[in-house]
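Okay, so here's the structure we're looking at.
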């Protein structure tokens, strides 16, 4: 398989602007053109572009510059692709780069964006994960090992000018409702750290001012952080510009539903092997707005779960109306309290929910006023029996290990 | 297995007050006492207490009196159970009552509570479902058949007086924020239609005034509508009163994650075979707030899915902040648009999402401002190939069939 | 669903000859005719016709009259079915009869047919199994519980005269190679205990002389003892006579691949809910010789197995040539030795292999001279951890319990 | 991960005798020593040592020298391993070598060993398979694509002198029963082509005379051809010599149960990532004779199968006694006949059974005189619907493609 895009994890992203970009904009030139049916490899740097080290200090997590992240490899053009088509992408394989068989998970500081449970875990923390073939384990979290579901956190086609304008408009309107909020309600365009790929000069400067940030998922896919886009899956992406312009990055070795600790997956550099084809006019034919996908026949089979319920009453007893966000947060907090009884710190339990292949289900969404969400914790990731029994939990987790902290 | 509670589907719930109740209150007397380790059968009427008929008119769905629903069988007392214990319930079997091998699904009218997508589907509609052993199909929705995951929509232990007071307080506070809203923000106590089981006289009248409605899931479980509480699963319920007081009802033949069309499952009368035991002091030992459960080894295996993404931008383009509710709604609407391309009406597609074993996953919950949810549609429930291909969809759904409407 | 055939487990099979037969013969009259598309229930007595009791003595197993077994319910005729068609049978449900929620497993004495490992376990033994909804456990085998995969051990269509003649010829030729062997090489026609359904007089007497015994599986299906023919599966049977003539019986609550202890499943009385349809001329269209089937979406999910290999060298060290029978026997013996280390008797371990949903795989069949077979033991059926670890096995099985013996 | 053994696929095996051997003998020196807990990579050449080319002629398959095959990488010594221990091997990963992303499947000629169905397919044929990430497809077999289950066909520890002597004795005795048979009943030691690793001089010459051929599986594992030993699985091997001496090779990209066409898998060069540890005295502690293993959580999920039954009556109508080998052969022939109705040649269908992840189950093994075996064909490997329907099969297979033949 031909490697269409090569990266160098020892160089800065800025030095590799010929194949990388960190904003969404229709004017970014294609890095390469392929024919429908082509199979090719794309290498990607990790989402922070090398800001995080394999060490025992969380200073780097604390200090990450979040305007300089999500460096995407691409865009790759597909011959014949036109707006309104569906670009069919077979994710044939996802893998680790040589000499880079490790990943990291970060709990971001409240001041730096925080995470799903940042009210409970406001400090920067880090865990480093070693890869052992299909498995991973961390020196910062004992008694846990699991099979990864490697996937790109971020993948999608370039937006059209119209779609980009719509994104910028609606997100600016949201920010305007509370412009001083920390963290902000949305990440608006920010030209200073924009890397616009092969676009240069005035065109680049103009595009940098309006290029959409890569943080959220949007109609084109983007930063969906869906663990199920793993090797063997097939995705149907809407096409908005001639050539489609497929870009990708933010590869994860493993992640739970929700990527709940924000930098919540096990983040890594890696590669994707892809095959592309087209369904001409597929957007209208199938009534597609957001990407549609099919799962892999090769996903890890964890069949035994301990499942935690959460309802839309927050931890202070406040009642919300059918709010699945609050419900899922409660299910996560319930799972964390449970794991603590076996000897994990709260932060370790939180990191497990982010990194392990937990499932998050929307279980009840109509029974006013409480939405019900469930967090599915696979019991097989622990090297001890974590099920309840009549005798109560024993402190089975090896003591004396903790997440990396700041100094 | 001994049948501890028998019901008569031809009698009204009020005639069976010795074994039924429709409010949660700690003073409701136990219907029977069992020892830990006991196995027994509990029969349940359907959640409307027989208000819906197996016919082709949705008038009954339109006219349902929602204050007279969720008739629960119980409470069953367990010897030795005390507040702070965990009641372990093995759901050994769930089944259909003789001469009642059918169920119904209703889209509620906007005026009568509506459903998840009531803005799009404001009228009362109904589909009736025949059971064929483990499978079900509907004369109102062609080309679909699937294996059921029978489960109680509603099960839990009686609340203590303190917990009940907390429920009533927080829900009243929510309603107070918009007291005139239709539908209301929550269903507050309503004494007129309260059925308080074996509680009589003044005690019953007093309890009826404060008894919690059965609509939402709460800390004790309750109306969780979790399809995975199917035969073979095991649930750990917090105990709040001496004897625990386990009650249950609202049995579903099948349901998708979210029970999205409100009366969204295939509703039926049926029975539950249960085994109960205790973990003394388990609430504190395991840090339990809401019920925890383990899935069944005998759930239907649908491995091939078509998965629809949704983000927290609503159908009018309005941007929400990390709102999984909006995201899941968008994923559902996306799936409905897709199914319509094959010949289903929007209402039929909506009913499929409510009744079939679809999954709803919280996929991304931290990437501001868009939450991402996914709706997993099992392709094997259709008798044609519903996957996208280069030629576009064909109208494969048998024409001329529609949901039952009002007259 | 209409019950087409009712049985009475308190009456002898001979008293129910209007709906039962225990030989295969084309002249047996149909018990009922149904149209293609029909759904109906068939009740079946247990395979011994009530010879085995729910007690703690194996005398009844020792004394079973094996010429009086496999009483089949049927035959059911299907309108329009002709030789050369395929009869499509949807097994919609399989269940237990009221007041009969138990089953038995027998190790047959060597003198009475023995079983797969009769050289090692020559004595008659019995275990009785209680049903708890989808689960079963036995008072004779501690620390084991599993979900059943209820299925008919025996189901198929009536043979034609030509096919019956072929069966009788080839089996007689086999017996003739060693006519005095105990147990015999095959069970030839035996008129004395033949129950020929509604066939009477001379016709019955003649048919009894040539009616094929029900012991082996044959081209039409018959006694396949395939655990995967469970509720939700779909079978395509060749049709040999006008009306097809579908008969069935020998229902099992659970069984491992191979039904290795002969009466190796958990045997029970029960019912089957079926739907029938036809593929006209399907035998030639699809090149069918033996039945073809599709598995159920609702089979128990045991994903964690301990897998034992066996090769075609017997326990005395004798080398066989690519003999999968010897290989599977060795894999079974290996599993039994392993389970004994945890405290089971050999007989208990043998009974576990017969009754639990173990899998038997043909793993290598071409590497001369050793075939390789594997026995997959689901670890989740035990209430302790049966995996190997560095410390070695502990005697975790409750002592003092044994199979029922003869007196 | 350190690469402990590197191979060069462009060199002959004989040139790499420092890391390869093709006989089992206790005197072969260790290539390297590792500590318990070590993780390392082992590269392997394909089983024929490069005799087969990626082309459209089967001449190379016809002419393979079967005494020069199964070149194993190793043996790897484990510090502290002693006879009677269990060597625990975690197969962490299995992969393809760079520049070698293809594999082959051969039907061997009857004169050269044949295969499971050599009576029906006596000529040498070949199919070449391209790898597309986790998937594979062949230019010689249209309309089929599937996810691989990469695994070592051959892996095990060195035998002791005593065990080797036992192997040689029993296999010689088998050959002696029919010494002129073609193909022979077993492959006895053959010194001319023996490659004895780092053993040299007289010691090598002596060992070559008695070294066991690698063809069959034996007590130590060896050529088990078990597809389930894939990445993520864990194997417990008996240890017979100090240091254990683990050797491996014959890597398959995919294979069906039984590896039925002999060179039946998709054969390839590749690598294994392993982790080793010890259970001291584990052979006696757990009563182990043959290896025991646990499956991977990451196996391809094919849930929909078409299942073919076979009984122990051969294709000429001859009755065998409980012969699972004949039964499985019949099930395979039944599947081949079925696939031919859709347009495959018999040889293509045969190759599909060898290469695709079909399952072979021993379904009934006690119902005299017929054993029953089942062949499970995953329907999802075809790009058309291969299920039966009322209209009969259509010729959906692309015409004009055939296996590579000899010239």
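All chains are identified by letter, namely A, B, C and D, in their written order; residue positions are counted from 1 within each chain.
In this text, contacts are C-beta pairs under 8 Å (C-beta built on N, C-alpha and C of every residue); 3 or more make two chains touch, one makes a residue touch a chain.
No experiment lies behind these values; they were computed from the predicted model shown.
Counting steps between touching chains, the shortest path from chain A to chain D takes 1. Greatest centre-to-centre distance from chain C is found for A, with centres as Cα means.
We define each chain's centre as the mean of its Cα atoms; on that basis chain A and chain B are separated by 32 Å.
Between chain B and chain D the centroid-to-centroid distance comes to 51 Å (mean Cα coordinates, whole Å). Those residues of chain D in touch with two or more other chains are numbered 297, 301-304, 380.
Contact residues of chain A toward chain B in the complex are 86, 88, 113, 115-116, 166, 170-171, 173-174, 183-187, 215-219, 221, 223-228, 236, 257-262, 264, 277-282, 285-295, 297, 303-311, 313, 317-325, 328, 330-331, 334, 337-338, 340-341, 359-374, 387-390, 392-393.
Chain C contributes residues 301-304, 380, 385 to its touches with chain A in the complex. By the touch rule above, chain B contacts chain C in their complex via residues 1, 39, 90-93, 101, 132-135, 147, 231-232, 273, 275, 296-302, 380.
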